[in-house]
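So that you can tell them apart, the chains are marked A, B and C in the order they are listed, and the count of residues begins at 1 in each.
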Amino acid sequence: MTFSLWRGLAVGASLFALSAGASAADDAAGDLPLSLRLSPGQYKQIIADVFGPTISIQGRFEPEIRTDGLLAIGARSVSISDTGIERYDDMARGVAAQVIDARHRDTFVHCKPQAANAADDACAKQFISLIGRLLYRRSLNENELGTQVRVAAESAAKLHDFYAGLSTSLAEMLISPDFLFRYKRTETDASGQRRLDGYSKASVLSFFLWNSVPDDALLKAAENGSIHTQEGLQRQVDRMISSSRMEGGLRAFFSDMLGFSEFEVLAKDPTFFPRYTITVKEDSQEQTLKTIVDHVMVRRGDYRDLFTTPHTYLTRSLAALYNVPLPEKTDNGQPMHWQPYTYKEGDPRAGLLAQASFVALYSPAGRSSPTARGKALRENILCQKVPPPPGNVDFKFVQDTSNPQYKTTRDRLTAHRSEAMCAGCHKITDPIGLALENFDSAGGFRTKENGVVIDTTGELSGVKFEGPIGLAKVLHDDPAVVSCVAKRAFGFAAGRLPASQDADWPKIEAAFKDSKYNVLELMRRIALSDVVYTVPARQVAAAQK
Amino acid sequence: MALKSQRLRHLVCVLAGVGAGLSASPSHAETRGYIVSWFATATNVVDFKANCPLDKNGGQVNLNVRQLMGIGYTKEEALQIVQDSGAQLTPEFTKRINVNAKLNDRPVPIFNYPEATEDPQIEMVTGKFAYGFDLSSKTAQKFEDPDTHQMIDNQLWRAVGCLDSFRAVPPGKPYPEELSWNLMIDSAPGWSLRLVGDDLSKDGKVTVILDRLTQHLQRDATGNVLSNATYIMESSKRSHNEFQAEIKNGMLTITPKDLYLEAEHPFYFDIALKNAHMRMQVTPEKIVGYWGGYLKWQDFAYMYTSRPANGADSIGMYHALKKMADADPDPKTGQNRLISGTYRMEAIPAFLADDSGKIVAVPGGGEESTVAANTGIKVAN
Amino acid sequence: MRALDKLNRRRVLKGMLAGSAVTVGLPILDCMLDENGDAFAATGAPIPPRFATWFWGLGLGEGNWVPKTAGADYQLPVQLEPLKPFQKKMNLFSGGEVFLDGQSNGTHFTGVQGIMTGKVVGTGDYSNSIDTVVGNVIGNGTRFRSLEVACDGDPKACWSARSDNGRQPAEISPHALYARIFGPEFRDPNAAEFAPDTGVMVRRSALSAVKERREELMRDLGAADRQKLDNYFTSLRALETKLDVQLQKPEPLPACSKPGELEEEKKQVLTMATDAMERHNLFAGLFAHALACGQTRVVSSAITAGMSGLLRQGDSTNHHTYTHEEPVDATLGYQVKCAWFQSLYMQALHDFAKAMDSIQEGDKTLLDRMVVFAFTDHGAPRLHSVRNYPIITLGSANGRLKTGMHIPKPGDAATRVSYTVMQSMGVALGDWGTASNKVSTPISEVLA
């Protein structure tokens, strides 16, 4: 069944090679950078992990690029623009000023300068080597330390303030490439093979599992070499997965995979969707992440059941959007709380795809789009590529809402698909998207459009089904669902897709299956696999599809 | 079509987990939940000239002139002072105006002692129309209700209807009420309205139940009140009201009875109507209507005199209300203590729970609510 | 509540425009300019040209917008009527095409790729847009190499790109842009006193420390990572330049005045076209002041993303969807609902030009000294075609562009307009673009 669909796709893909061919060609050329620019989420997480949550970050980050379905892979191909560095500079100075302000300085600067209005190299060095090791994910060499201490000293002398000097030096470290880019450095092991050095390995691990920098224990494992032994690696991975920071990694991975960065530019027309407030927009992302964390980490559930799980969390505003009751017995004037909520069996609003983080995220501001939802589902959940629409197409039938002949979106899209040129793409997106038409552009539940009952029959991989519940069940049984999340988790760890010559890859997939598709186990298995730490002599050849 | 609705019926049956589909007749009473989402004095200013032919009350300038004349200036002098002082009278004048009440021959603040201030004789409504209900046999003072064309009692409107700040057309509210509504909505608990009946999609007998909520209203993305949110009702019986009612052609009327709902100043202290009447157009998505009856005119006046900065001539209003009060004479003085009046209100769907968190009413209409009503409800502590 | 918000924005907007008007009224200190009014007398340095790109999404309508006659005094099509007051100061180019050379038409992208970067490549590469090329010639030594804004809240909607992969992040908040340009770091060029800021000096020398370690950083890296790091260092140089500029006493600029401060926006992402237009006008005012104050010489604006998601009040269908769905009116020859959006965008372009034109520099206005290059992603919007592009320029590049004309070039490369404009800005390129989009001669009718 999957095969026939792919044949359909291939026809489209050859017509529209634009994005389909791009990544494969790049990988084959083997000249993609290995370094990754820190994501906005990582930047924020690092500052919180290193300096605590009271340090605020003001400013906007550079746009990210999504490659092979993940920003974590796109992070390889992005550098920093003029405008970008100006913003990083602003953020860095803001962070540094807070770190050394009167309220925080004693927490981070563990020595007292000889005079508060002059340089003190010894004290500066102590601070810089401590913080620098965390920020750069490695110990600073003498040369680097010397430079940073000198910057602090010169600045302290000019500004007559020891702490201002530290601030200048810290701000400069926060815009340096060592901080903003994650480099992979190699070394030769005892057998003469090239391998990632311990620090680089520790970084891969910590950004994968925690979406942040290694902690002291992990850096020590890098420094003493134990990270290179299977036993040492396992000890670290087990420790990290059971750490409270693991939730951050899981959230970051799914935010990336589900395309949550697009929330930044999402808005709904309040005239038509008054219940879609700013709070609801924020809450809907949190709802999904809470559902996932609960399902994966607490319930140790099967990934496939995420699409049908009746268990979720709601706030009163979200409940109003979904039209479900959520009594909250807090005093008047108290903030709303998250409450666990369980849908009764058969409720179409159960499962991940019925949440506003999917149905509203992939809809224009004014009305729903089965095509956009179907495309997002193919690309984000099934790892299948949907070609972009061609130019010079006559869209005359599509959704001419004034035409009394075509009352529902299904009617209008059916008319549009009668055009041969459009049929190829739309038949792979629309049948799944139409099954979600019970959800309006903002995620609200409905059963009618323009007075006509919405037909939510759909088809995926040749299986016909009815409505969101039917879709979720078909997804549950589609092997592409589990293979997709595995590939994306690998990509999130490695910054590339698994390739055919990655010998360990089938074992990871098998282990995932044996764990009854528990994502935590999948991440553990990936973290323990050599394949994410291999050094590409050349970039991997054709990515495994 | 037939196929589709069949499928839908099947879907709903599955969802409901019981045999009660859309077309099946309900085996038990239906309870729809609403919250009051709009509330204000009922205005009627379609034709201001007809209401107030003298157009004498004017706005802030006229008020200031009247106040200045009250402290001894001639009309010409007063006009000149107003013109010279720009947007606001200077403290030099306001200080004197504000103590222009006399109690035992001593000057006292006018807003604390409006009864000790001279009546500025504001113009009152002489037009023909106002919203309301037929409450009494006093035929001389009646208005005609523009909707029902019945002759009705609304002396409150007669007293205040020529003031600038009451020249509001819904969804606008009289200016001071608009201000306090927007101030209070985010903190003061709201009111719920429940409709209980065998089949609310049809005409027939129903019960209207009003309660106070324990929570304030939530707003939606447009700044209006959010629909379909969940609220817990107060368990106290103080603001609990039940009315026998009937729906005819979608219009609900009640069997008259006293009404009491607690509120929070400065919006209203409370809504207390003697011999309350109601008329509400009911749809699953919205209720719009009028509540009328007799209310304490002094409470109404106090809403304005206690916040004199709202542009209304609160002293003029005080005296007008006092003069127009038309019920419940004080046995000693003969002064009426109640005045006939009408509020306009709107309500939108909501889930309503009792104080244990049990859902007792759901939004009306549509298959959505059928789904909603039959989903699992889990209440957190 | 909403009504109040609106009122505030309007008031701010009005205040802003009033601010510009004050600028007009300022006496131009002609003693500071030479006899022609085109150069500073003290240094003899010519008043520099300035450059703006201005993007709107989804073209102008099918074919009917093309005026019947070429050259001067042509009849403005209905979609362009808002630009009537500037007809003498603008040029309308029609007929230009982006050649795909076998690549697919990536809607809302490929056409812009051609017009702005001169090439059509299927890899999604978008770099070295014309504003960057122009900026390299005219933009050196200013505090900001360039400024970019997007009016609908999408920071990716603007089309300015350096040699890096990816477009520059655009500012979406006028409040934030104000803070960047006219915040505490702003040095009034006309202030009598100047003392370099110690804090800036410290930062400047700290930056040198990163640069010193460049070789060390490069050592272990492969070629691609080096390239990426090179791009980083290029950006770092721009930051150094910004600080250097702040450390030097600026050249006095009589036309410079600091605009009034702006309120923080309540919403970031916009859905209403009219809201985007209001935000655009705030940006335009800030741009005019920033250009007059020498803070930058190159600005870029996008009123919508290519796939414009903007709505008209009370209508749930967005502009982009309408381009696909709305039938072409048989009598009028265009899509009526789409034309509403097009007229609004053209009104915004008018307002942009007006903001520039209201600043007087010597005997010319700021607009006269610059070129506003207005472009779109598609020719016929309904078909999302890459033919018959409307391209509009406003301003005469310090007299190097003749204006007031309609220049029809059916079937010609649209890149020729870009090339001509770059030449008017002093960019010396023998040719520009690749494959069929490569051009080597400018449009002589307009180049003075």
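Going forward, contacts are C-beta pairs under 8 Å (C-beta built on N, C-alpha and C of every residue); 3 or more make two chains touch, one makes a residue touch a chain.
If you're wondering where the values come from, they're calculated on a predicted model, not measured in any experiment.
By count of C-beta pairs in contact, A-C exceeds the other of the chain pairs A-B and A-C.
When chain centres are set by their Cα atoms, the one at the greatest distance from chain B is C. Every chain gets a centre from its CA atoms, and the centre nearest the mean of all protein CA atoms is that of A.
Distance between chain centres (mean CA atoms), chain A to chain B: 50 Å.
Centre-to-centre separation of chain A and chain C, using mean CA positions: 32 Å. Of all residues in chain A, those touching 2 or more other chains are 268, 270-271, listed in ascending order. Looking at chain C, one finds that none of its residues touch two or more other chains. Looking at chain B, one finds that residues 222 touch two or more other chains. Those residues of chain A that touch chain C in the shared complex are 15-19, 21-22, 25-26, 31-35, 60-63, 65, 77-87, 89, 93, 143-144, 147-148, 150-151, 154-155, 158-159, 168-169, 171-172, 175-178, 180-181, 183, 185-186, 264-272, 364-367, 388-396, 398-401, 441.
Those residues of chain C that touch chain A in the complex are listed here as 103-107, 110, 122-124, 144-146, 148, 153-156, 162, 164-169, 176, 180, 198-199, 201-203, 205-207, 209-210, 212-213, 216-217, 220-225, 227-229, 231-232, 234-236, 238-239, 242, 267, 269-272, 309, 311, 313-318, 320-321, 323-327, 378, 382-386. Residues 268, 270-271, 273-278, 310, 316-317, 319-320, 323-329, 331-333, 337, 339-349, 445-448, 452-453, 455, 466-467 of chain A touch chain B in their complex.
The touching residues of chain B, counted against chain A in their complex, run 4-5, 7-8, 11, 14-15, 17, 187, 189, 214-216, 218-222, 224, 226-232, 351, 353, 355, 357-359, 362-363, 366-369, 371-372, 374-381.
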